[in-house]
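You will see chain A twice below: alongside chain B first, and alongside chain C after that.
For the complex of A and B:
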């Protein structure tokens, strides 16, 4: 585990740093001034030093100068309340990796610490630190170094030491959802540096890995991804526990098809339920269990509501809804179309419905839907 | 770091100064910066910054927090005034006698909800 020495006369700052970096799985050592830090560094080796500028007994720049004079090249991030150029430029000459202006945000601290450690590991063990191997294990070197905008976008990363979990998920989720899998923390960190993920699934039980600490490290690299815990079905009240640990959600193993379907709807735009082309909305087939049919109709209704709003803001005055593939439920289908029509009217959009003869028959059951313009094909509806 | 946004509370009465942290910026344009608040304000701010319940804070922690806060505030003021002078070390003291004996101080009351904080400045070293 990488070890970080924080040198600050303020117990407040030491506490804040310790709290933020311990959550990432780092071991934190403390010193109250430069002299105490130099003494500590004679006894222990650290992978990074967070150094305050203004301190009693011995200030940060003096300590840094003395440290470098001994040949110690441990990376240093300077913390300062003042952006005095002479202090910062002097420290840069003595070889600081970066500096942080106080007050700082936790994300800035975490980001700069991870960056500094990654640079050190990528340098190929220049520090000769015994903990280099540990750093490399937790924070691997950047392979691409590219900006986030240039990184490949992938929907899901599965981090589980059992390779079968990734394979199983692949068989249960449509091909439209892209999935990467890895079996170690090192691989996960590497992949999160190189790509952008929408959802990261982290197994709660992996050999020699603290899953919560790993999740926190991954979150720094993927600040916009949803972090979802993978837990065994036997775990009791695991949802509450993992949420208190910082996960967004939990997904149970072995995977349940219905639970997966709900999970997919929660995190992804389910294009196979409703696809949009210009002002044509095409409803997809229902492929789940019968007791999930209500959810399917409800999802369609909600998705349409949002889409009508978008169509209205794009100045469309009409919309074609193709319901040919919607299950022919004599009660739910007319009600769905009636709800769709009501939602469309709220935005001033006139609805045209496309379906086969059976659909038309079902719609005739309700006065509200029987009178809607009805067509056998999208082409006909467009031409009308 | 505090997760709070302070704004000038011009209409608010100056709170009782339970604790004051002071810091000198010596140099060609000497300035002394002080931060004060009442007991509730100090405890609430320290708890917010440290992310711990107020009941778990002791006096030393609150004093340390105030020293750090005046240090950061002085850094910001120094940047605003474009002072190329190093910050001194912060210390905590009884504010009322200091403000009474050495003037003229300028005081601004800042508020974030029920918390009030007094920022005081004087163009000399105290």
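For the complex of A and C:
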């Protein structure tokens, strides 16, 4: 595992850094000032230096200058409460990799450390921050504004050294759910840098790797993915145990069809049903068990609310909602559209609905939905 | 820009302008009347479109801008045949941004070729900063996107005003002092004074303090108020410069430093910045 040197005169900061990075499996070395750090670097080599600016004896910029003068090009992240342009600019000229302003969030520290340690593999890679997820709705698409740096979206990553586990899962889950598999931690880290996953399944018994440390590393790269442990059936309360270790959930091996169906309903059915293109929200079809239908409608409504907020932030005044593929439930469908319209109005957004003749008939059941502008196709709605 | 290279008249000019600002005697551009009338209507939660339409129709340039925007693809590209329909299509929020743009754009217009050339660059840079600042505010949350947009448009507003003053001086002096000011000296004078003039304009126009803060200092972040509009504009300003929307010579290490600090201060990452910058040139070109 890579070794990181943290140079800071505050014992508290050194402890916080140590705690956060040790959890990822890194080896941490400490120095209280620049002079002590230079001394340490004569004895050991490190893969990354986290450097404060203001310290007694020798400050960060001086230490960095002396370090570079010796030809040492170890990546450096400046971690400081100093935000003066002149100071940071001087450090940029000496080749710092990144900058973290104190106080910082653990995710920022972890994300930037991992990025700095994988400069080659991560070149052009994107982190999957909430802002990144929201940005597609905010920045209008342009001819040149395509997918520079965008990553491929995959539903599931299975990290298990037994390939037959991947194969079995593939046979039990519908083809609509995309699955990647890998048999080692190294492969998993690589894949998590290159793609975006919804669910990451991590075998609890991986050779030569602590699965919890691996999961924590993968979580930094995939902050929005659900981390699910893969465990062998046992009499112990494994679910409680893995949740206390930071996993969202557990899936037992060998796979049970019902449990797998439950798991799939939990993570995929609803999340698959809403896509966004500009100000057009397209609801997908429902393909799960009937007892999950209420959840489907309720989550669809909640997802729309969030998206209306983003559309309003992007100065959209109207939105087109395509409900052609929503199950034709005569009670739930009009109610859903009415709720959507109410949510949209809160953000000053006018709704235009797209559906077929049956959908229109269903919407005529409520006064509120019967009066909404209705179109047979998205194209017609856009032209209106 | 070495200060030593500046002709003596430059510091003298600086002193005169600063003294005029301090005594309130500097003649500053006034906010266009149409904008002062439109803004209260648009800020009203019970926004009355009819009132606005009547005002807009009295200002052909603003009316044309609103019609052009309503006809653009981003708003559906459907046919609108009058200002009333256009206002209905755009909505209060977009109209507010257009009025701000209209009143700011006026400051960057000049019939003089020299000033127009400078103003065009500053205007395009300001538009880029404004667009980026509004997007960053929307992504960050809890920051007023309108204030960020306005601050972005106005953060360099002092530049064309100083440019006009210098041209006026040149007309008065060039007969006796040909070549009185080198291009470098001209740039240095504009750079050293534009923020103070910009702040004076903000006060004259009674703009919000956040806007004045963004104009006052674009070189260092305010660590005490991480997610302020002024910080968003500083971040956007650096990104715009990296994307090539500059108004003069740029130290790229400074720009990178401001982006690094801004990313951590506001909470963003490289991917977000890349996506924000994608298509920026097209957006600026269509708004310019």
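What we mean here is this: the second predicted complex is superposed on the first by the 238 of 384 C-alpha atoms of A that agree within 3 Å, B and C clash if a C-alpha of one lies under 4 Å from a C-alpha of the other, contacts with A are read in each partner's own complex, and residues count from 1 in each chain.
As a working rule, contacts are C-beta pairs under 8 Å (C-beta built on N, C-alpha and C of every residue); 3 or more make two chains touch, one makes a residue touch a chain.
Note that this is a predicted model, so its numbers are computed, not measured.
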First, second, both or neither for A:104, with chain B first and chain C second: both
Chain A: partner with more touched residues, chain B or chain C: C
Touching partner for A:81 - first (chain B), second (chain C), both, neither: both
First, second, both or neither for A:204, with chain B first and chain C second: neither
Which superposed partner A:156 touches (first chain B, second chain C, both, neither): neither
Contacts of A:182 with chain B and chain C, given as first, second, both or neither: neither
Touching partner for A:384 - first (chain B), second (chain C), both, neither: second
Chain B versus chain C as contact partner of A:63, first or second or both or neither: neither
Residues of chain A at both interfaces, chain B in one complex, chain C in the other: 81, 83-84, 101, 104-105
Chain A to chain B touching residues, read off their complex: 10-13, 15-16, 19, 54, 56, 80-84, 86-87, 101-105
Contact footprint of chain A on chain B as seen in their complex: 1-2, 46, 49-51, 60-61, 64-65, 67-68, 71-72, 74-76, 78-79, 84, 86-87, 89
Touch list for chain C against partner chain A, complex: 74, 76, 78, 89-94, 97, 135, 138-140, 145, 219-221, 223, 226, 251, 253-254, 256-258, 260-261, 263-265, 267-272, 274-276, 278-279, 281-283
Chain A to chain C touching residues, read off their complex: 81, 83-85, 88-93, 96, 98-101, 104-105, 108, 111, 125-129, 131-132, 134-136, 138-146, 148-149, 310, 312-315, 317, 348, 382-384
